[in-house]
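Please go over the structures that come below.
Each of the next two complexes has chain A plus one other chain: chain B in the first, chain C in the second.
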Partner chain A sequence: MSETVFEGAIRVERFVGFGMITIRGDFSDAKIAQATAARFGAGVPKTRAITVGDTGMLAWMSPDELLAVVPLGEADGLAAALADDLSAAHALVVNVSDARSVFRLTGAGAREVLAKGAPVDMSPQAFGPGMIRRTRLGQVACAFWMSGDDQFDLVCFRSVGDFVFDWLKVAARDGSLPEYL
Partner chain B sequence: MLILTCPYCEVEGEETEFHPGGQAHLKRFGPGSSDEAFRDYLFERKNPRGVHFERWQHQYGCGKWFHVARCTVTLEVFGSYSAQSLAPPAEVLETIQARRPGWEFET
Partner chain C sequence: MSTRLASGGRLLERSKRVTFSWNGTRLNAFEGDTLASALLANGKTLVGRSFKYHRPRGIVASGGEEPNALVGLGEGSRFEPNQRATTTEMFDGLHAVSQNHWPSLEFDVGAVNAGLSRVFPAGFYYKTFIHPRAAWKHLFEPVIRQSAGLGKAPKSADADRYEYFYAFVDVLIVGGGMAGLAAALEAGRAGAKVLLIEQSPHLGGRVLIDDVMIGDQTGPDWVASATAELAQLPNVDVRTRMQGSGVYDHGYALGYERVADHTPGDKRPRHRLWRIRAGRIVTATGAIERPLAFAGNDVPGVMLASAVRDYVGLYGVSCGDRTVVVTNNDDAYRTAIALKEAGLDVPMIVDARPRSEGDLALEARALGIRVETGVGLAKVKGKKRVEGVAICAQAGEGAVLEDIPCDCVAMSGGWSPVVHLWSHCGGKLNWDDKSAMFVPDPARPPLGQDGMGFVLTAGTTSGALDPHDAMKDAVLAGRRAADEVGHRHAEESALPHVSAPFETPMLPVWVMPQGAAIKLRSKAFLDYQNDVKVSDVQLAAQEGYESVEHTKRYTTLGMATDQGKLSNINGLAVLAGSLNAPIPQVGTTTFRPPYTPISMGAIAGEARDALFKPTRKTVIDDWLDRSGAHWEPVSDWRRPYAICRNGENVKDAVTREITNTRTNVGLLDASTLGKIIVKGPDAGKFLDLLYTNMMSTLKPGRCRYGLMCNENGFLFDDGVVVRLSEDTFLCHTTSGGSDGVHAWMEEWLQTEWWDLKVFTANVTEQYAQIGVVGPKARLVLEALGGMDVSAQALAFMAMAEGELAGIRARVMRISFSGELSYEIAVPAAQGLAFWEACLAAGEAHGIQPYGTEALHVMRAEKGFIMIGDETDGTVIPQDLNLHWAVSKKKEDFIGKRAHERSDLTRDDRKQLVGLETEDPSDVLPDGAHAVEGAKLANGMENMIGHVTSTYFSPTLKRSIAMALIKGGNKRMGQTLSFPLGGDKVIKAKVVDPVFLDKDGERQNV
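After this line comes the complex of A and B, so read on.
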């Protein structure tokens, strides 16, 4: 666990710095949607989409769940503020930053590394910026999205973080990419 | 390999992303019902060779449960629909009848 960067066919970095807030509620309810959008400066994302705002990013996790990604230091404050905004509504806001591990995959082969373990069409035509996909990597649950050209951010549960890092290091070994994509 | 479509995510995923949940549209017989009805609710399952209605969960995705109509002989999937349905929707039944002439839905 001491090393946090792996340089192979692509660069894999395990890092700390994402504040993550889970918001559950009925987002077809205008009050909940507006309060959430106002707090993060980003609109409520459509199915499998992400929206980027002033204070963070909102990602669609399921029909009644959003994930807000904000700077780590602001997560507690934002979660408390949004919980206060939604106190009258049937909604749940929790800071889950410590529950997850975060990885950043950088390099032209990042799509191929993910395609080795996730049952997802990773071709540029099918998966692009502004999308999030919750799926499995190897045999554990994860979610990933594009945070730049040839750059993916991936989150998984912290309990399987070491496994995912090891998995990514094997999948990203030099010379191991099939170069199909 | 089954390719299922989650009606909530609209993800067309392969079966390893999903978790099966057995026969769909069961009516629960709990306290107050006869022993026979409770036994049948617990253990009696339809297992025809052909069209099945099943519950599936998008385990590695949005986590929602939904219903799937599929054929156990050819693995053809006729459609997926909300778990909050007491019976298969008409369009799914029409799809099955178009693909399997003579097939009738039995409750």
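After this line comes the complex of A and C, so read on.
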């Protein structure tokens, strides 16, 4: 855990970046959708999309699951507030900020590093800002989205954080990119 | 002798000399050479020994179809056996050794087998070594394994890295010859996203060497301009050194990129395995020339005509001063002409056809080459090297008409389109009588999910041997592929005209001469690599083998690492001839990926060393590792078996941890337990269906141990359920079960009980869970400070939320050890801080961390079951005396119906019992079987059950065990026998499995 940055073909940083809240509910229900959107200032994202609002980002995880990404330290409060907003509805809101490890991948080769492990079309035409993919990286589950030009944020389960960091260090070795994308 | 010519060699960089090592000798080569061309340039025509007879073998081909020139490449941690010299790019410092010979390549002891070839016929191994049965394993197989086999396994770990890469394209084009380039141009101009891959380092294929004009350009000029145009198209990528290795369902293809084989140690990954999803796959993989089957066709110096031409034209290498060309078609004349033009001697073109009047034949005659028709080779003279050939009438039995001295034979039996990739996923073939070859049937392509063909063929692969036809076919394939993925050409460019000499039809020749006597047929090789001769296939047919698949396995034809690229068609034609059946009726064997062998490293990708398999770690992992943890794997987690103090052995550590926990207090990292939130108005109802016991009656703030069965009634997971609030439950699972149980819940909710209003969330990793266990546990919690943890506020099986040591905590008073025990969940990020706070607060009370073995022993002392020890997928709760946890009131739960089936209700099922050995110091081995009564008819003991958990209990100072024993409930007090092999038998008494504190007084304090 002591090492948090790797500089190779791209920069890989392991960081404690943000809070996360899992929200499960029927988002075709206008009340649930509106309450959720209002709480984060962001609309309910469509399939494999993310929306960004004042208090956080909403990411599509499955037809009845969203992930709210919020500033570190605000997850508990926001989760409690949203749970309260939705108390009359059937929904599940839970703070999962500690359940995941977070990595930031920066550099022109970030797409190719991810394409070594994720069966996803990482070409700029196919994957761009405003999108999220839940997929795998090598042998473990992960999700990622673009957080800037040539920059991706990737989350995986906390227990495999070391494994994913090791994986990224191998995939991002200098001179190892195929230079295809 | 083969040698380097003074000029020529289109692919050579003559200004860049390199040196390489062959069997320890330093030799010279040029950049652009292959290892094969460099060996020939240095006169090395003998490159290996054959698999069975150890016959001397030389280079036959110039590409991936090469059967003989397999070498060991590299040294030490970069050594790899069985590398084809013909596809090995030359670089300075290349190190190669020949293989399958002993003691040396020139003098080989195993060659004595060749003299015995009459006693090594087809099916020899099957026939000879079948009796006596035991001798196969102990005598025959070890000896055969030593003398057979190609190459040696590497001795040290691979120094290189390998990786995968996922790519998505509209059109994947396999093959960078004329057809592939033309198809790529068409699809690329239409705007499709195209990836063209070529296995060799250069583009162009046969038009680099065969004299054709494309439009007004020569072949090489056209390749250069096509390559330049492709480079300009932003939607087209061209990658060389990358083989299309396999085609699979749904447009999935495997690309095998040899990134750094020619630059070892440059830090790049050695191989990259591309996993490509393509809308359409165009195979432009060309054709492979077939050998002819004549006696001595395996003598070094007998080569494919196209290969001889390649070595002259591409590498400036002469394969011999005097080359006899033997053919059944016009194409081989190109070789004679190329040799003549290079100043080499071609004493005769031996043409099996009655006449030869094509453009190329006229040109050859005009060059003064002697052309004889209606003739063949009776045999090749020479052993380690061609010395001459004997000419005979093709129609006859091999009576020699004339001897021609020569040192090279260039043979051509016609061409076979490379249909492998078309066939991998089910593309069907037609037999083309005119050219005697199997060709793809465009009406029966491999079908995608839309019911349309997703593989197209282009050029020679389609069976278009004429260059102009091949160009037309490729252009149309490129256009069609682009069109089918939604990219239509705005205006279609004119079809380039390809002009080439007029060729007359070939004549199928499967055996030369056609009436060859047995003596000749048993020296006429079909499969060089596996030493299968014409006579072997004919013998198999005589012995009743009719199916080509059976014949293949019986004779081993086509079963070597080249997978019969040269031998298959000839072999099945010989089989068809012997069976008197038409070739298409005999059919082909199955084409399976990969096209040529790919490295194990590429298949493994990055998954080696630390990345071989993910290791899940808790937030306490680092602390444990620094503090002497002896690790064990628990599903994907690593957990400390024991935490050894300085110099302490593991066994002593376990004993210390147990004793300390039972007398003072222990600290356990239980974070790996699965934690699933189940919420909603129907949550109680849902859990009643999932668990065997009643969960809906649980009061908020209370905990209950629960069991989960599958539909067949078998126990698969257990854990404590906590009711957090009226509509929210927290379900604990086993460490290995969290993902599976969560998926199980979601499956039932999504597929069967979708009407239940329930949501779940797997929060396993959100929390660190710390067990504080032992008589002084409460003192430790009180010392941490915060919430009320008194017996009144937090009774046994109660849960409370609050703060401990300033950290938000959920405290559950549950016990897996029988002691006063708390499990405390805190946010994972604060888990280590909480752990260290517990150690500090507990110091005065003698707190010590303990590992999984102490946990196991303590739970066994209490008779608590462990999923995976006491269960094995065939055990029901009732077998484990857990009737109390199986509700009789509930209308239904998963497994209920199964529990009522007669086999699960019979009273002589294997049931859980405790065991005390007669000698308390004897610890039964895990899994030991109990036996009873007389031996069975088959001589085996009558086994009545086995030990499931067994330990030495430091608390009780004796061994304890649990076992599943037939009718165990009725055996209390009986003594059972556990034979351990030899004369050793341990006797143990059946007792109650709760060994310690049957009344639970220790935990109720």
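Miscellaneous remarks
Basically, the second predicted complex is superposed on the first by the 181 of 181 C-alpha atoms of A that agree within 3 Å, B and C clash if a C-alpha of one lies under 4 Å from a C-alpha of the other, contacts with A are read in each partner's own complex, and residues count from 1 in each chain.
The rule is simple: a residue touches a chain if its C-beta (ideal position, glycine included) is under 8 Å from a C-beta of that chain, and two chains touch if they have at least 3 such contacts.
Just so it is clear, the structure is predicted and the values come from calculations on it, not from any experiment.
Within the superposed three-chain model, A:F157 lies in touch with chain C and out of touch with chain B [touch as defined at top]. Once the two complexes are laid over each other on the shared chain, residue contacts for A:T47 go to chain B alone; chain C is not touched.
In the superposed model, A:T55 lies in contact with neither chain B nor chain C.
Once chain A of one complex is fitted onto chain A of the other, the partner contacts of A:R134 are limited to chain B, with no touch recorded for chain C.
In the superposed pair of complexes, A:T4 makes contact with neither chain B nor chain C. After superposition on the shared chain, chain A has more residues touched by C, the comparison being chain B against chain C. In the superposition on chain A, A:S28 makes contact with neither chain B nor chain C. In the superposition on chain A, A:P119 contacts both chain B and chain C. Shared contact residues of chain A with chain B and chain C: 119-120.
Of all the residues in chain C, the ones that touch chain A in their complex are 161, 163-168, 237, 239, 257, 266-269, 272, 275, 277, 605-607, 610-611, 613-619, 622, 637, 677, 679-681, 757, 759-761, 763-767, 827-829.
On the side of chain B, the complex with chain A involves touching residues 8-11, 13-14, 16-17, 59-64. Those residues of chain A lying in contact with chain B across their complex are 47-48, 61-63, 65, 119-120, 133-136, 141.
Taken in their complex, chain A has these residues touching chain C: 1, 16, 22, 24-25, 64, 90-92, 94-100, 112, 115-123, 126, 138-140, 157-163, 166-167, 170-171, 173-176, 178, 180.
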